[in-house]
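Some structures to go through are shown next.
Look at the two complexes coming up: chain A is in both, with chain B in one and chain C in the other.
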Partner chain A sequence: MADKKVSKKDIARLLEQWSRQFTVFAPSKESGVAAMAEWDGKDTGFLDWYRNTIIPPKASFLPQMEEMFHFQKGEEGYNIKTPPADERSRLLFGVRPCDARAMAIVDMTFKDAYEDPYYLSKRKNAVLVGLGCTNPCESCFCTSMGTNPTDQTNVDLMLIDIGDEFLIEEVTAKGKELIAKTKDLKEAAKNDEAKATQSKKTAYDRVTRKLDTEGIKDRLLASFDDKEYWEQTAAKCISCGICTLLCPTCYCFDINDEMVKQEGTRFRSWDSCGFPNYTKMPMENPRQEKWRRVRQKVCHKYEFYPMTFDVIACTGCGRCIRLCPVNWDITRVIESVPDKAEAKK
Partner chain B sequence: MTVNDTRFFAQGNVYLPHIAVIEKIVEETPGVRTYHFNFKDEKLRKEFTFQSGQFGQYSVLGTGEATFCISSSPTRPDHLEFAVQKVGRVTNALSRLGVGAEIGFRGPYGNSFPLESLKGKNLVFVGGGIGLAPLRSLIWNVIDNRDKYKKIDIVYGARTPVDLCFKYDLESWGKDKTINMVTTVDRGDDSWKGKVGVVPKILEEIAPPARDTVAIVCGPPIMIRFTFPVLEKLGFKPEQMLTTLEKRMKCGIGKCGRCNIGNLYVCKDGPVFSYAQIKDFVSSEY
Partner chain C sequence: MEQKLRQEAKTLLEQNKVDRIIGFEPGSLKFTATPLITGDKNDTERLIINPFIVNNLADFLTGIEGRVGIVAKGCDSRSIVSLIQDNKVARENVVILAVPCPGLIDLAKIERLVGKNRDELDDITRDGDKIIVTVDGKKKEFSLSQALFDHCLACELPTPQEYDILLGEPRPPAPELQTSGQNITKLKETLPTERWEFWKNEFSRCIRCYACRNACPACFCQRCFVEETEPQWVMPVPRWQDNLIFQIVRNIHVAGRCTDCGECERVCPVNIPLRSLTREMYNMVDELFSFKSGMDKEALPLMAHYEQEEAEDLFR
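What follows is the complex of A and B.
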């Protein structure tokens, strides 16, 4: 079966069609920052401005704040009620390959050992429609991190920009099924495949930032106690937490209660290893000092996650570089981790 | 990674607490209390099992959750116990609750002391302050199956005589002819007849032989840090030293991110670790 394609001007009609079956999410600036938001039914203006969202699409499955349960204190004691599971079928349109890979990485944690019902109930019914990049940012380094601007590995469908149209790559069974049911798609022409290949190559070549991660796990292990290196690395960090909160592979959360009179809510919200309170216990805090927190952030991604799940928990999306208020740069940090031989204990 | 296969989920959701009722409160020291509790649900009360070393997430609903080990032994299953020092938000809220009050409990979580591999061995328990709580679950477990283990030493210390927890246990173990019980304090008072000195130093004096022995250590981080080198000096190999660690936790199940030591999460890979597992990171992360 030949590939399908869709005109850029027909994207609204396509999303409108999919909206009948799914809750469609698409890039939006509605909230003031670029994020995946519930599609409003008409706007496709993002096709002009969209390079990537500021808030990563993980937020569709791990919201910034989420109710876990509600409780009420009555004469018979406490009564606990969970909100109905959010099992809407979500279709995320325009996911970038770096973020799709990040979600596969986050899935590992939420599926591991004990399943996380809040995350997985949303995630399991989701369809990811990828949108290949044409204009990567200077801070992007995906091609060094196991993916690339048009990588289809972690999405159900991948759209490749071929000028006025997108060529649709059907990746998973879920994706194929969706395309089979979708009306008004065009058949790809003979030379569209060649156009797609060219478009992919152009995008790939535009990712100019490179990072060599060879042996990084061992270098970090050897440098773990190199306090001088970590202090230097952390010197300009202001512990704002942005690089973790907006990282597509970060998933840390806090759990808190709120209670008014006899009723309350337990909710969870994003948290960051960049904050001193994150590990604070009443009598001790193992990461009171900033360099220990910066070390945790770097090592978690490039040393601990590989030790546990055999994958670096960074996909080169570049957000932490683009959004850092003091120009802290993870690629420079990773490059400057001392070699084993030089590491000071 | 080891995760206990026995799972007790309220409504199938790992984050929902079971409601439990406080049955008794024991004043251990001026700041430390032991709470005896049981589940409200009768079926759960009968079916709930755990192993020495495991912990729970305890809720004072409206205030929040905190992590404490189960300090009672599974060999004495008519109720469960945990012991806390009044130092944080949840422990302060707990201190305002009385017998009959309801708390939330999730668990049991984490791994446990490797009972099978401790059988037929000499055991040296090294505890400090409220760090005796998790050891206590194992000590009673071992005493209730005494013939399965060889020599037992217990070295326990606190800052001052008033700060000694579980005094009723210390007394009972002291009377037990099959146990060598040594109690010490950092600073004695006029009536104190026992040893004076920090736990690692007293341990070095007693010098239990390392052969066929496993040391189980729990106490404040500083005590743990100074105890490992003493044990190494006595000939213990890192594999022969066990500890159970405490870190700030939120989820208890390896998701929320904060309780790691290196690549290991205290909640799901621990809380029981051998020194061999954590020695690369322990010097600067604990």
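What follows is the complex of A and C.
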């Protein structure tokens, strides 16, 4: 079966069609910051400005803040009221391959020994429509991290920019089913495939930042106790939460109760291992010094996640590099991690 | 200026006058500089001074032991002086390498002016009172008020007053100080209800990363009130109400310490115009107490000293 395609000017009509079946999310700056937001029914202006969002699309499944349950003290203990699970079918339009891979990585944690109902209820019915990059950022290094600007691996449908149109690649059964039900799509012409191949190559070549992760797990293991290295690496970090909260693979959350008299609400919200009071609730944060927290962040992504799930929890989206107030650059850090011979104990 | 800086910094380390140098080296992205904190004299070769040295390096002083040589623009020097006033930094432990600063280039403004992202630009240079941006091989000229940070347009002290080594010719303050900036002027013209809606909307997207606080040299509390859990002053949950309270209290806490360096607004990843709050506070401190923070190291800290004669019964 030949591929379908859609004109850029028809994207609003396409999203309008999909809106009947899904809650459609698309890139938007309406809130004052680029994020995936519920589509307003008309805006396709993002096609002009969109490179990637500041707020990663993980926020659609793991919101910055969510109510877990309401509780009230009764005669015999607490009465708990859980809000109805949010099982709306979401369609995320315009997901970048780096972020799609990131969501697959986060899924591993939330589907592991403990299945997280808050995350999975939103995630399980979601359709991801990827949008291949044409203009990667200077800070992007996806091609070193197991993906690339037009990688279709982790989405249901992938749109490739071929000029005035997008070629639609049907990736999963879910994606194929959606396309079968979608009206008014055009059949791809003979040379569209060639245009797509060219578009992919151009985008790939534009990712100039490279990172060699060969043996990184072992190097991190060897340098774990190299305090001097980590102190120097952490020196300019200001311990803010930007690189973690806005990382598409970071999923840590904090839990807080807000209580007035006998009743209250339990919330969870994004947390960061960069914060001095992270994991403070049981006792103390074992990582009081900044260098230990910076080491944790790096090791979690490049050592511990590979040990647990056999994949590096970084997809090269570059947000942490672009947004860091002090230009702390993860690629430079990873390159400089001492190996076994160099590491000081 | 750079050559002199490198030489002076190297000498300070060689003669063991300081344990560390805090300055800037080239960043890993176009048009960026990144803080360099080092005790190795060979690293001083990497020190730079250019219109992109945006960080307020005074922020690092309270976390560092020993004697430090620090590169300071006017605003950084005011923050250092403010820290000295508050007894957070001992004057004898810092060697201030003073950079007369002609103002820093605001990349967000440049992006809006040319309609391109910073990494798509070929070059940004300064020629006298013009900022020249090269895009797709073509040069575009902008005025300083178009291209510099708002806080630079309001800078009262381009050259540090308190220093040990001066690295260039002192510069006068900008001829026409734009003390408030457009945002603040516009906001002040709105009704209080409209302003409330404005801030509610702005703070709705705060992610509580605390970059504003952590980049701020005046925010030196070892433990911030937002992190207190007993009692819990404010929920750590990023609701607009809590976000707004956090920022209002932070603002009051830095009154008399804020030197209008603009870092809080620059580092905010979600574009909250924080300087509209801090600058207004700065102006109020000046109007009410005739106090400009970080100008005089002998002055007592505005909010941290008390005299018997003061009229308030509360503190007697």
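Throughout what follows, the second predicted complex is superposed on the first by the 334 of 345 C-alpha atoms of A that agree within 3 Å, B and C clash if a C-alpha of one lies under 4 Å from a C-alpha of the other, contacts with A are read in each partner's own complex, and residues count from 1 in each chain.
In the analysis below, a residue touches a chain if its C-beta (ideal position, glycine included) is under 8 Å from a C-beta of that chain, and two chains touch if they have at least 3 such contacts.
None of the values given here were measured: they were computed from a predicted structure.
The superposed arrangement places chain B and chain C next to each other on chain A without a clash.
Contacts of A:D40 after superposition: neither chain B nor chain C is touched.
In the superposition on chain A, contact of A:E335 is made with neither chain B nor chain C. Residue contacts after overlaying the shared chain place A:N256 against chain B and chain C alike.
Of the two partner chains placed by the overlay, only chain B lies in contact with A:P117; chain C stays clear of it. For the combined model, the angle formed at the CA centre of chain A by lines to the CA centres of chain B and chain C equals 90 degrees after rounding to the nearest 10. By the touch criterion defined above, A:D212 lies against neither chain B nor chain C after alignment on the C-alpha atoms of chain A. When the two complexes are overlaid on their common chain A, residue A:P286 makes contact with chain B while staying clear of chain C.
Once the two complexes are overlaid on the shared chain, A:H300 sits against chain B while remaining clear of chain C.
Our summary of the superposed model lists a minimum C-alpha distance of 6 Å between chain B and chain C.
Touched by chain B in one complex and by chain C in the other are residues 254, 256, 258, 280 of chain A.
Remark: chain C residues 27-30, 32-37, 55, 59-60, 63, 117, 119-120, 201-202, 204-205, 207-211, 213-215, 227, 229, 235-239, 263, 266-267, 269-272 touch chain A in the complex.
Residue ranges of chain B in contact with chain A, taken from their complex: 1, 3, 7, 10-17, 19, 40, 59, 61-65, 87-88, 91, 102, 104, 220-221, 246-248, 250-251, 253-260, 262-263, 268, 280-281, 283-286. Across the complex, chain A meets chain B through its residues 68-69, 71, 73, 77-78, 80, 82, 109-110, 112-118, 221, 224-225, 227, 251-259, 264, 266, 268, 271, 273, 278-284, 286, 292, 296, 299-300, 303-305, 307-308. Interface residues of chain A facing chain C in the complex, by the touch rule stated above, are 31-33, 51, 54-55, 64-65, 135, 137-139, 235-236, 238-242, 245-246, 254, 256, 258, 267, 269-270, 272, 275-277, 280, 290, 321-323, 325-329, 331-332.
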